[in-house]
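I've put the structures underneath this note.
Two complexes are shown next, each including subunit A; its partner changes from subunit B in the first to subunit C in the second.
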Partner chain A sequence: MVHIKRLQEVGADIIAVVGEIDASSSIELDLAIAKSVGEGYKKILVDCQALEYISSAGLGVFMSYIEELRDKNISFVLFGMKERVLNTFSILGLADLLNIRENKQEAKKLADELSV
Partner chain B sequence: MPIGFLLAIMFKTKAIIRLTSLSAAISWVILVFADITVLFSDMKALPPDVPVWLPRVMLDLYVVSLFYYYKFRIERDEGLNFTDLLWKVFATGLIATVISLAVRLVLFLLGSTKLSTNVLFIDFVYQINLALFINFLLAAFTCWKRLILYQKSKWLIRAWLVFEFLLLGILLYDSIHVALSEAISTIAIVLTSLLGLVLSANMRWVAYLNFKQKWTSLLLLLLSIFYLVYFLYSVTIWSDQITQQSGAFVSFQSHVFNIALLAFVLTYMSFSFLVVLFNLPTSSVFEQKLEEVVNFQRISQSIQTEQSEESVYNILLESSVSSVFADAAWLEIKGAANEQRLFTYQITEKETKEIHTHLEKHKIKGALDQSSDKTKNLSKHLSSLKSTRFRSLLAFPIKVKDETIGTLALLKELPEGFNKEMTRIVSAFANQAGISIENFRLMEEAFQNARYKEELKIAKTVQQSLLPTRLEQHADFEISAFSASADEVGGDYYDTLRISDHEIALIIADVSGKGTTAAFHMSQMKGIFHSLAQLGPNPRDFMAKANKALVFCLERGSFISATYFVINTESKKVFYSRAGHCPVLLYKSSKQKAEFLKDKGTALGMVRSQDYRNFVEDNEFAYEAGDVMILYTDGITEAKNNKGEEFGNERLAEVLQNNAEKSSKEIEESVISTLYKFSGSEDINDDYTSMTVKFR
Partner chain C sequence: MSYQYNTGCSLNNLKGVREFIRRSLDGQEVSDLELGAIVLALDEMCSNLMIHAHHCNPDHFIALNIHIPVKGQFIFEIIDDGSMFDINQFQEPKLDNLVHEKRKGGLGIRLVKSIMDKIEYLHEGGKNVCRLTKTI
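Up next, the complex of A and B:
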């Protein structure tokens, strides 16, 4: 089960993901990102501090947006991942494709830099 | 009746009817002759040739015979409905009256001849009339019995039985003339009359007549009462005439039984007439209720008979309209696929929109919007909408699984056209429709699930058939592989292929997602492996080419993690490239330690551009005899125990380290047994796949 909250902070959309993302709950994540992109945010941050587990389907969601985000010039940063979750990202090699930062400040800083 | 039952066993009903009619006829003929003989002897003051009691006994016999005759003719005939019963009474009365009138006509034609004034002849005419009268009374009696015992209870049956026995007692008392004290006979008469009255109060059948049937019944009852009065009159006239001339004559009135029977039949007849008459105005209500029940049934049965939600909606609309006499109605429904649908009755879509916007404009919350879950009478809000002809509006939510999926709106041109009863019945309809729709959707879901399961079965067979039946072996190493899949089909794949004498390719892959698509992608991976590997590319090139091939086959969001190995037995080296798959676990016999190889690589299908090559690496390590390499999928490391802990890399490494001396098969078995012991059950919720390579 996953719980997704969105809140806006100075031009950036922050998507907070709480719980576990598996095949079925990945749809919710997909919807949240699609909404954020659709609403035209240029900076999207994903708060993974409360993300306990992510399955390959969940990773697939992030992966599927990589090109669209690049094309639309949206800076997309994930932050606050637990080690276990980060490990899943890095095993699959997604860590190289996505921007991942340790905390919110760094993530914001990176997003600002990228959007310049 | 036990006697009737026994008789029914012995004879067929038809035979009994014939027998009883014959017995009635014979006893009547004897009765007439005996009575005339008694009268004749009395007039001539001679001792009679026949016993004086004979006429009375014959009358009893006649009554009993006719009683059984009608019992089998009318009481046992299940095909008769209420009006049929009344018709029987009427028809019997009609025939009897016609015969009686015919006799009168004969008498009239004879004029005042000697014969017509002869007391014996008058007695004969009287006996004919009496027989017809009793016949009519008994027919009515049997019909009344059926009407009274409609919807019978145990007490009612007992009361009726007592009543019948009391009447039998009276009949016997009449003929035997036992001297009873006045008190006893009074008690018997009072008891019979009371019982007769109580029984006469059973008029439930009247409620089941429709309007037309009630009119018919009234007519039939009225005519039957007329016959009864006519017979009473003529029998009384004649018996008076005879009594004047002969003392031996036992008149009709002195028969208590006849009086009792007459009183009962007349009472019930009049009661019925009055009850039917007073029930005439309410019959439409009863019919209405009946129609509601039928409509209700139609809604609940529509699921079995018709195969679409649409029919449920149409029936709901129709039934609601007809139940409350609405002038117009519409039904808004959010379909199974979330699409909006509108069903209307006597109203245009434009009008519904007008009413909608009008209500919205006036901020009437929770009315026609689908978040409303209460029945609302919105009539008062309509009065401000001048363009509409409607003055009453009633809205009902239609709920499926507590979620409102639609609104039923009923309209009337009259102001305040809906009352509480109407609201209640329509909301019952709406609820029933909700249940029907829910059932319908559940059924649909069940079908889908069955189809999905069937699909999964096929996918599983495909997946199983894609895995190799034998693995390449070599003097330098032995390979064992294991794969178990959960009910949901995953996409784990492993395979081996000999490139040359000294080069063997190995692959382990995990397709993201589950089900048929996973099996499909797995087969693509197999195709790529078998065609690319035999060309002998170095592992990084293999991955780059595989990615290029896969990028356009994989749909958005799916990818394949894989590790590709080439074991070169000449150089005693393993070359590999990892694309997002779980890191290789390698046991070095020289160090006596199991470690995960650290390298980088992105899964296949994630990077669509040419530069994917930059996301994977070429790696290699040298092997020695005794080294062990375990390739696995994340199902193993992510397997959880009942505390929610993962099996993890450490446990896997530990198992390998402790069992590294054993053969590849034994190592594999210990990994699996440790895994099952850890997870605490044989039920797996993911795919477990491993390939163990032991070098020698």
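Up next, the complex of A and C:
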């Protein structure tokens, strides 16, 4: 079960993911990112502070946007992951393909730098 | 020690599968990261089976057995009577290809193979048994 909230802060769209993302709920993450990209945001931050679990279905969603985000020059940064969630990204080597930061402040800083 | 859990093949039941594993391994001196990885691997195996062998039919059932013969040694068995879905037969896709093709699937198999020590398939009593072993 996952709850996804979106809020906007100084030009960035923040997608807050609360709960667990598995094969039954990854579609909700997909829809939230698609909406954010579709609305034209150039800085998208994913708040993972309350993300308790992610399976390959959720990882696959992030992977599937990498090229589109690059093509559209969208800064996309995830932040606030718990160690066990980050470990799932690391096992597959995805931590190197995605921008991941410890907290919101660092994520915003990186998004600003990437969008210059 | 042995534990068993039966569940219908609805993806909504994956949460129950994860909770069963966490409960069963509670007190086994498994670190949070190792427990997280085991839960993840079994979630991947069960969801693969539910999707590919049972088409998410909630009236089809799978059983998950956990055996802990000695401390630190874990044997997980997923038992069903659908068509065999042997992940050893699947080539893991390269990450670059997944990104380029914008594919959302294919990562689960790589995860399971990275986390578990051994993945075997058996046919016992008319049922498929996928046995995963992990020593910590």
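The rule is short, and it goes like this: the second predicted complex is superposed on the first by the 116 of 116 C-alpha atoms of A that agree within 3 Å, B and C clash if a C-alpha of one lies under 4 Å from a C-alpha of the other, contacts with A are read in each partner's own complex, and residues count from 1 in each chain.
Here is the rule we go by: a residue touches a chain if its C-beta (ideal position, glycine included) is under 8 Å from a C-beta of that chain, and two chains touch if they have at least 3 such contacts.
Since the model is a prediction, treat every value here as computed from it, not as a measurement.
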item	value
Clash or fit, subunit B versus subunit C on superposed subunit A	clash
More subunit A residues in contact [subunit B versus subunit C]	C
Subunit B versus subunit C as contact partner of A:22, first or second or both or neither	second
Subunit B versus subunit C as contact partner of A:56, first or second or both or neither	both
Which of subunit B and subunit C A:71 touches, first, second, both or neither	neither
Contacts of A:1 with subunit B and subunit C, given as first, second, both or neither	second
Against subunit C, colliding segment of subunit B, chosen among 332-340, 440-448 or 512-520	512-520
Shared contact residues on subunit A - subunit B and subunit C	23, 30, 56-57, 59-61, 63-64, 66-67, 91-94, 97
In the complex with subunit A, residue positions of subunit B that touch it	510, 512-514, 556-559, 561, 579-583, 600-603, 606-608, 615-616, 634
Contacting residues of subunit C [partner subunit A, same complex]	10-12, 14-15, 18, 32-33, 36-37, 39-40, 43-44, 47, 50-51, 95, 98-100, 102-108, 110-111, 114-115
In the complex, subunit A residues that touch subunit C	1, 20, 22-24, 26, 30, 53, 55-57, 59-61, 63-68, 83-84, 87-88, 91-94, 97
Of all residues in subunit A, those that touch subunit B in their complex	23, 30, 56-57, 59-61, 63-64, 66-67, 91-94, 96-97
